[in-house]
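Presented sequentially are two complexes of chain A, the first with chain B as partner and the second with chain C.
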Partner chain A sequence: MIEVKDVHFTYPNGVEALKGVSLTINNGEFAAIMGENGAGKTTLVKHFNGLLKPTKGSVLVDGVDTRKVSVATLARKVGFVFQNPDTQLFSETVEEEIAFALKNFGFKENIIKRRVTWALNLLGLVQYRKTSPFMLSGGERKRVALASVLAWNPKMLILDEPTIGQDYQQKEKLRQFIMQMKAQRRTIIIVTHDVEFVAECNPRVLLMRGGRMVTDGEARKVLTNPEILTQASVVPPQIAQIFIKLSDLGLPKNVIDVYEAREILLSVLEEQAK
Partner chain B sequence: MSVFEGLRFRRVYSPIHNLDPRIKFVYVCAIFVAAIIFWELLPLITLFLIQIPFVLLAGVKREWLRSMRGAVFLAAIIFLTNFIFSFIGAGYIVTAKSVENAVAMTLRFIVLVESFSIFFLTTSPDHLGLALEQTHIPYEFCFAFTTAVRFVPVLAEEAQTIMDAQKARGLELEGGNFLKRIRNYIPILIPLIVGSIRRSLELAEAMESRAWGATKNRTNLYVLKMHRGDFILIAITVGILATAIYTRLFFAIPSLNELLGSLF
Partner chain C sequence: MAIIETKNLTYTYPGGAKPSVRDVSVKIEKGEFVLVTGPSGCGKTTLCRCFNGLIPHFYQGELKGEVTAAGLKVAEQPICELAKHVGLVFQNPENQLFALSVEKDVAFGLENLGVPREEMRKRVDWALKLTGIYDLRERAPHELSGGQQQRAAIASVLAMQPEVIVLDEPTSFLDPLGAKKIFEVIYELNRKLGITTVLVEHRLDLTAKYVDHIIIMEDGKVVLDGEPREILSSKEARLIGVGIPKATRLYQILQKDRVKLGNAVPLSSDEMSALLRGVLKA
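== the complex of A and B ==
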């Protein structure tokens, strides 16, 4: 469980990135943090594993104040995948890259081997086991970075812009993977601009603007409310846009799911045919 | 990083900022030479003090102090090495002369840092590039130089992100013995170097796609011209250098210790 209590954060250069954010993310919850560039999304999630410490207020991870423990200790519990994989890749092979964190956390040799194989399989990287991570494409490097964090199976997972540079198939895999993690009662927090991806995943949506939390609610409520979305510079997902424009036909406005949309439209068409 | 902070240019206007960077550079070189030819404390104190008006005139007192604070660590090392060696050389006794000598060496270093800090704090990278260009250095070199200067803060920021990313994977940067500590920095240095190379290649492509080097004879929007202030600075520079050389050649400089002794 992550408890954020009235957190303020000012960077050393004087920029106040967070101006009093409070929220609680329960175990097993799946949350998406959205908002315009510079809203403070990444700054906020960097507080969850102690990379940044609040200048005012406090952040508790499972009841432990992040100011009291090192990042490495918190990282065992909170996995953080950075937006740009190039900020972490350094090993000679993909395999070693994934084993790096496991070695840091002091896993045993045979367990490391098993975990690495597991992570490689999970993200479809088996054929690159002995390849240098620098030889891979952007999307593949991103998956290596993800694998290197998943390998130690953290209880909470933070993904900063996970869908950037991924093709549709990979996005779909990522979505299924997130759903699987959710079924295992793991906490997942994503920071993203990809409104379609969020609509498909249907998580709890947290909208940020100018260092403050603007809205907190279900995806189907938040993503279908144009006034709130415009405030945070987010465009509604395509399905929601269609349904907002068709509202004069008496259709519900709060639809973001493709299958639900199909059902509704079919029943309307059937009725008209009668 | 505080040393770099102290060398970081901020755009303000002052008589010193408006001076021709070429003349300022000559001035820095003159101070450099003067500091090197003296090993006595008295002239070095003078050199240190005559630069303070420049700092005040340029209005960069805070940044300048920060860079001086950044130099404290190295200054302490210089003082200690000089002191210990003269301590051993003198037969394990502390003499006033050896202390004065160590202080002088340290002050020499501080004078050098002081003048370079004034130069970089009051000269914008663009201005510096312009100065290089107008001294007929090939444009490729000027461009490489200004780009390098401009990318220092970017690199510092990237190093921070990389450290964060590796810490998030359980890397402990502190602790362990000396060798272990050095090894700890490998996961930070490799992404930093690879990233820099990648970025420079990308920069080269971006430059070429914007027709870099298409014209052989470049002209500049701004042309450096000498003003009254520049001539004053030339006069000051020549004055300092001439006095320094004259003093060196024709005067026996008393040590501070002797001077105080004769006064009281």
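== the complex of A and C ==
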């Protein structure tokens, strides 16, 4: 469980990036943090694994104050994938990159091998096992960064912009993986601007603006409320936009899924035909 | 007349196991708004690097075939000459920013072009305002959030107003409303100033409605090249894993259910809701 209590954070240059954020994320929860550029999303999640410590207020991870444990201890429990993969990658081959944390955490050789292969498969990187991460495309590098964290199966996962550079199939694989993790009661927190991805995942949605949390609710409700979204510089997903535009015809406004949209439209058309 | 043209372009990075771009022949007409998409790793960024001369001048490797941009043979011109005509917004904004302040980064390209001081001041402010980072102009790039950095990278290319702008996933770090606004700005520059625009994107929901021409790549090759509505409604595009806009997807699904929505494939929520309005009774 992650408990954020009235957290304030000011960078050394004086920018106050968090202005009193409070929230609780329970074990087994899947939450998406969204909101305008510079709202403080990255700053906030960097508090969850102790990379940043609050200037004021506190963050508790499973009841322990992040100021009282080392980043190394927290790292085992809270896996963190950076917004920009290049800040994370340093090994000579993709395989070594993925194995690095596993070795550090003292996994046995045969388990390391198995987990590396598993992660390479999951992220479609098998052919790059022996390749340098720096000779990969942007999307591939992001997947190496993801693989290197997913490999050790941390109890909590923080993914900053996981869908950047990913095509539709990769996103779909990532979504399925997240759903599996959720079924195993792992905690997953993503920071993202990808509204369509969020619409497909249907998580708890947290909207930030100007260093504060402004909305907290289920995706279907938050993503279909244009007033709230606009404040946080988010636009509704395309299916929601269509239903909002047609709401004068008596259609429901809170639709974000394309197949649900189909069901509703077909039943209305059938009714009309009678 | 084509402003960018490749003829049988094949390129392999140094130490690359196989070509990253294979036998690509494409034509981009002056004033066009072109979208390049395809699965991660298919060669989009590599192709962009061929347009502004990063390949072969910065990335060596093996290049076959021909690339011309703005009437120049790319292989024969230095990068600084090409930069006057073709501006590239990098996929990773951090790799593009290096100055001590945002403002200096945006001014850098203009200094190289020899733009007079006063004109430079005007263009820098214009670009900073268009991208919504005027208030951050004195900050160091590393003191910015991901999206703010990306805005700075876009501003530094817009300020130069080159004949061709190549944007490699320019809004991946931008908040959705910000992304929408930036695309509106780019579209306006494309229509008003006739700046040829080449956009690499995975998220087509925001962009499909602007484009005149789509190029889809897979495994280094161009597999589809043509009219957006035709391509996005094709089965091939979906099988390659292109992120078809949800409005288009809903249209396809309803077509299968024999709902008669007409033959004009919608690319945006506006177009799709108008079609639905036609069949739904109030």
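One rule holds for everything that comes next: the second predicted complex is superposed on the first by the 274 of 274 C-alpha atoms of A that agree within 3 Å, B and C clash if a C-alpha of one lies under 4 Å from a C-alpha of the other, contacts with A are read in each partner's own complex, and residues count from 1 in each chain.
Everything below uses one rule, namely that a residue touches a chain if its C-beta (ideal position, glycine included) is under 8 Å from a C-beta of that chain, and two chains touch if they have at least 3 such contacts.
Worth saying up front: this structure is predicted, and the values here are computed from it rather than measured.
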A:86 in the overlay: touching chain B, chain C, both, or neither? Say first, second, both or neither.
both
Quick one: is A:104 in contact with chain B, with chain C, with both, or with neither? Answer first, second, both or neither.
first
If we overlay the two complexes on their shared chain A, which of chain B and chain C does A:254 touch? Say first, second, both or neither.
neither
Check whether A:38 is in contact with chain B, with chain C, with both or with neither, and answer first, second, both or neither.
second
Could you look at A:265 and tell me whether it touches chain B, chain C, both or neither (first, second, both, neither)?
second
Of chain B and chain C, the chain that contacts the larger number of chain A residues:
C
Which of chain B and chain C A:117 touches, first, second, both or neither
neither
Residues on chain A in contact with chain B in one complex and with chain C in the other?
84, 86
Contact footprint of chain A on chain B as seen in their complex
158, 161-162, 164-172, 186-187, 190-191, 194-195, 198
For the complex, which residues does chain A have touching chain B?
46, 49, 51, 70-72, 75-76, 79-80, 82, 84, 86-90, 100-101, 104-105, 134, 148-149, 152
With touch defined as at the start, can you tell me which chain A residues reach chain C in the complex?
11, 13, 15, 34-39, 42, 83-84, 86, 131, 135-140, 143, 161, 164-171, 193-196, 230, 232-235, 237-239, 241-242, 245-246, 248-249, 251, 258-259, 261-262, 265-266, 268-269, 272
What residues on chain C touch chain A, complex-wise?
13, 15-17, 38-41, 44-45, 91-92, 94-95, 139, 143-148, 151, 168-169, 172-180, 202-203, 205, 241-247, 249-250, 253-254, 257, 259, 268-270, 272-273, 276-277, 279-282
